[in-house]
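Read through the structures below before going on.
In what comes next, subunit A is part of two complexes: it sits with subunit B in the first one and with subunit C in the second one.
And now, the complex of A and B:
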C-alpha cells in the first residue's frame, strides 16, 4: 500500500476516479458515461494531453515552457497561409509548421541554457513574441489574423478523422503519451531528465549533458505544440493566431495535478495522463450537470492547490520510508 | 613505487589572492594522503587542481610520470581521477541503481525498444556497496534520499571504484557523519586502498586522519607547512599543525575563558 502511495501518479489517479464517479452520479441519464459522453471528455483532454506530456518532462527536468500557446496558433497559421494564400500542398506545409514549432523550441532551449535565466520568464517572452509575430506577419501577408485551411484528404484522414464523436487526436495523445513513457521511464535519456531536475550539478558531474537534455525537451515541446495546431487547424478548417492560448496555464496545471514536483526531479507520464484526463472529465462533466461552466476554473484552482500540497507530502513520504 | 599523481611547485592565483603557493605533493597508489588545514587554507583549491577543475597558474601536474594538463573535470575523470564532494554526487529522488549508473546506464534490447537494464543496474549497485561493507541497503529501487549520509558516501565511492577510478579525492567525507557512519566510510577507504587506489582525504578531524592516513600534508595559507609520514608525528603535533601552528592548548584555554 505504502509503495503505491509514494508513486507520483497515485494522487492524480485517485482524483480522476473520484471526480469521474462524482460526475457520473451527479448526471444520471444525461449520457456522460455513454460512449459519446466518454468520447467528449477524451476529445477535450487529448489535445491538451499532447502538449502536457512534453511540458511535463520539461518540468521534471526543472524548466517551464509558457510559449506553447502561441506555438499552437503559429503552426495553424502557417498551415492556413501556406495552403490558402500561397496555395501550397498540404503535407510540406505540415512539415513546415512542425519545423517552426521545433525552431521555437530550439530558440527557447538555447536562450535558457545560454543566459541561465529562469525559463519561466524566457518562454513567457517567447509566447508574446511568437503570437505578435504571427499576427503581424499574417496581417502583412493577407491582412487577417485567422484564415481558412485547405487540407488534402489524406491529411484530413490523419489529423481530423472521427469515429462517431471520437477525434483521432485521442490516438495522437496515446501515441505521444506512450513515447513519453518509454523515454522517461525506460531510456538513459529519461534517467538524465530526472537527474537534471533532481540536482543539476550532480547530474553534470556524473557526465549527463544537462544542456542537451533541456534543449531537446524544449524542441520536443515546440513540435508537440505545433502538432496540436495542425490537429486543430485541420479539424476546424481554419488557422488562428490565438489558438492554444488556453494551454499556456492549463498544461502546467494538469502536469502538477499529475504529480510532477514544481521543483523538478519527480513525476511520471502516467500521472500527467491522469491529470489531463481529470481536466477533460471536469470540463465536460460540468457541461452535463447544466451548471455554469465558470465553475470549471474554481474546480481547477482547488485541485491545483490540493495537488501541490499532496505532491509535497508524497515527496516527503518517499524520502522518509523505504 | 612511482607516484600516481604529483604536483611540482604549483601556484594558483585568483587575481591578487594567492590560494596556493609552491605546493609540491605526491599521491601514491595504495596509500591514503590526508590533506589537512584550516578554513581558507586552500584545500578545496588544491583538489580542484587535482581533479582538473582548475589549471595551475605555475608549476606542473604529473599523472603517472607524465606532465599533464586536464581539459576539464570530465577529462580527469576519464583518466581515472574520481572526486566525491561532500554533498554533491547523488540525487535524492532517484533510486540507488539509477544513481549508481547515472551517465553510464546499462542498456538492453534493440531500437526502438532499447531500455535501461534496471535489474542489472540495481543488482550491481547493491553488490558493489555490499563489497564495501554496506549491507543495510538490499533493494536497488530504494530512493537515495532515504539513505543516510554515510551510505550515500559509500554509494559514491563504490560507484567511482566500479567505474575504474585509480585515484579517489574525498572532500570531507566524514565531517557530517556520526561515529558509526564515519567508521563505515573510513573502513571503505581502507578497502579501496587495498585495491591499489590512491586516495586524497580531506578532513578537519585529526582522529579520522590518524586512523587511516599513510601520508600527511598540512596546508597553511596556501603553502605546505608540513608533510610527513604516519608515525613521524604524534596526534598532539598534528593537531597543533592543523590549528595553523598555534598551540592547541593555548586555544583551549581561550575557549575556557569564553565560557
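And now, the complex of A and C:
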C-alpha cells in the first residue's frame, strides 16, 4: 500500500477522482457520466494528452517547450496547403507535417543545448517565429491563414475515425502514453531523463549524454505536436494557423497537476495522464452544470489550485509516512 | 517652400522604404490603414479589398495591424497613435476599441487629417469628425440573426461567444439577445475560457455540455465560422441533429458547405472585401476630387442561406480570399 502511495501519480489520481465525483454529483441527469459524456471529455483530454506526455518527459529532464502551440497550427496548415492548394496526396503531406514538427523540435533542442539559454525563453521565441512563419507563408502561397483539408479515406480512418462519439485520438493518446511509460520506466534512456533533470552536472559526470537526451525529447515533443495538428485538421476538415495556441500553457499545467516537479527530476507518465484527464473533466464538466459561464475561468483556476494542493498534500503524506 | 520640399521628400523617402511600389503623388504623406489582424480570414479579405482598390485607382498605402491578438485593446490605440504621428494624407481606420481609439481620432481630425472609418465604429464617426463610415454594426448583425431565428420559431436561443472580452464581438451577442427578447424568446449567453478560443474540440465539448444542461435549446448563434462547426458537431453528439437551428456570423468553406447540406441555417456576411475596396475608392475620390458619400455606407449583413450559397461557393473557389472564407 505504502509503495503505491509514494508514486508520483497517486496525488493526481486522487485529485482526478475527487473532481470526477464532484462533477458527477453536480450534473445530475445531464449525461455527463454517460458513455457519450465520457467520450466528450476523453476526446478533449486526448488531444491535449498526446502533446502533454512528451512535454512532461521534457519537463522531467528540466526543460520547457512553449512552441507546441504554433507547431500544432503549422502542421495543420502544411496538410491543408498540401492537399488543398497543391492538390497533393494525403499521406506524404502527413509525413511532411510530422517532419516539420520534428524539425522545429530539433531547432529548439539545438538552440537550447548550444546557447545554454533557458528553454522557457528559447521556445517562447520559437512559438512566435513558427506561427508568424506559418501565417506569412500561407498568405504568400494561397492568400489565406486557414484552409480546408482534403484527406484521403485511409487517412480519415487513421486520424478521424469515431466509435460512437469516441474519437480515435483517444487510442493515439493511450499509445503515446504507453510509449512514454515504457521509455521512462523501462529503458536506460528513461533513467537518463531523470538524471538530467535531477542534477545535470553529476549526470554528465556519470556519463549521461545530457545534450542528446534533451534534443531527442525536443524532437519527440515537436512530432507529437504535429500529430495533434494532423488529428485536429483531419477531424475538422480544416487547417488553421492558430490551432493549439491554448496548449502552450495547458500542457505544462496538466503535467504539473500530474505530479511532475517544475524543477525537473521527478514525475511519471501515469501522473501526466491523470492530470490531463482531470483537466478534461473540469473543462468539459463545468458546462454540464449549466452555471453562468462568465465565472468559468475563476472556477477553473480555483479547481486547478485545489487539485494541485490536494496532489501535493497526498504526495507529502506519502513521502513522510514510514 | 524649400523646407516643404525637403519635408515632402523626406516623407516620400520613408514611405518608399516601407513600400515596394513607387509613392503616390501626394506631397502630404502616405495613406495609412489601421485595420484588423491578417491572421483572421475576415481581415485578409478586407486587405484584399484595399489592395485591389489601391491597384484600381493607382494609389499606394500601408496596412497597419497587430500580429499578436492577445492584447488588442491596448495595442490598437498605440498603432493608431503611431500612424497619426506620421502625418498621413488620409487615415482609414477600423475603430475596434472606441475607448482608446476615439480620443485619438478626434485629435487627428482636429489636426486636419481626413479620417474614414471602416468595419467598426458605426455610432461614433459622426461625432469624432470623420468623413464617413463603411461597414456594418456588429449589433445589427446579431440582431438580424436573432430575428431570423425568432421568425423560424426558435423558443430558446444560445449565443456562444468564444472570445469573451472583445467588445466588438460581444455586441453581436447583445444584438442577438435583443432581437430574441423583443420576440419573447428566452436566450442563454455562453462564453468559454480564453485558452480554448482556437480549439474546436474544446468548443464542441462546451456547447455539448450546455445543450445537455439545457435540453430546451433549439437555436444556436455562433460568432465565427469555426465555432459554428463545433456547434454542428455538438448538436449531432447530443442526438438533436435537425432539431436545433444553427446560424453564424462570418463565413468559411466548411460553413458554406454546411449551408449547402442544410446543416447550417445561415451565415451572416458583412462583405469585408467591400469595406476595404470602398474605403480606398472614397480615399481616392476625396483626396483628388473632394467627393465623398453622405451618411454611412452599409456593407451588411448579407444573409447567406440555401438561396444564394451556390454562387458564394463558386466565387470563393474562383477568387480565393475575396469572400473572407477559406
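Quick notes
Operating definition for what follows: the second predicted complex is superposed on the first by the 289 of 322 C-alpha atoms of A that agree within 3 Å, B and C clash if a C-alpha of one lies under 4 Å from a C-alpha of the other, contacts with A are read in each partner's own complex, and residues count from 1 in each chain.
Please note the rule applied: a contact is a pair of C-beta atoms (placed from the backbone, for glycine too) under 8 Å apart; a residue touches a chain by one contact, two chains touch by 3 or more.
Predicted, not measured: the structure shown is a model, and the values here were computed from it.
Of the two partner chains, subunit B is the only one that A:198 touches; subunit C does not reach it. When the two structures are aligned on the shared chain, A:297 is found in touch with subunit C, with no touch to subunit B. Note on subunit A: of its two partners subunit C and subunit B, the one contacting more of its residues is C. Contact with subunit C, but none with subunit B, is seen for A:242 once the two complexes are overlaid on the shared chain.
Once the two complexes are overlaid on the shared chain, A:188 sits against subunit B while remaining clear of subunit C. Within the superposed three-chain model, A:40 lies in touch with subunit C and out of touch with subunit B [touch as defined at top]. In the superposition on chain A, A:206 makes contact with subunit B only, while subunit C stays out of contact range. For subunit B in complex with subunit A, the residues that touch the partner chain are 73-74, 77, 83, 85, 88-94, 98, 101-105, 107, 112, 114-116, 139, 142-143, 145-146. Here subunit C touches subunit A in the complex through residues 38-41, 44, 48, 67-68, 164, 189-202, 204-210, 212-214, 226, 229, 237-238, 252-254, 320-321, 326, going by the rule given at the top. Interface residues of subunit A facing subunit C in the complex, by the touch rule stated above, are 27, 30-32, 36-37, 40-41, 43-44, 47, 73, 128, 132, 135, 139, 142-148, 165, 232, 235-238, 240-246, 249-250, 283-290, 293-294, 296-297, 300. For subunit A in complex with subunit B, the residues that touch the partner chain are 182, 186-188, 190-192, 194-195, 198-199, 201-203, 205-208, 261, 265-266, 315, 318-322.
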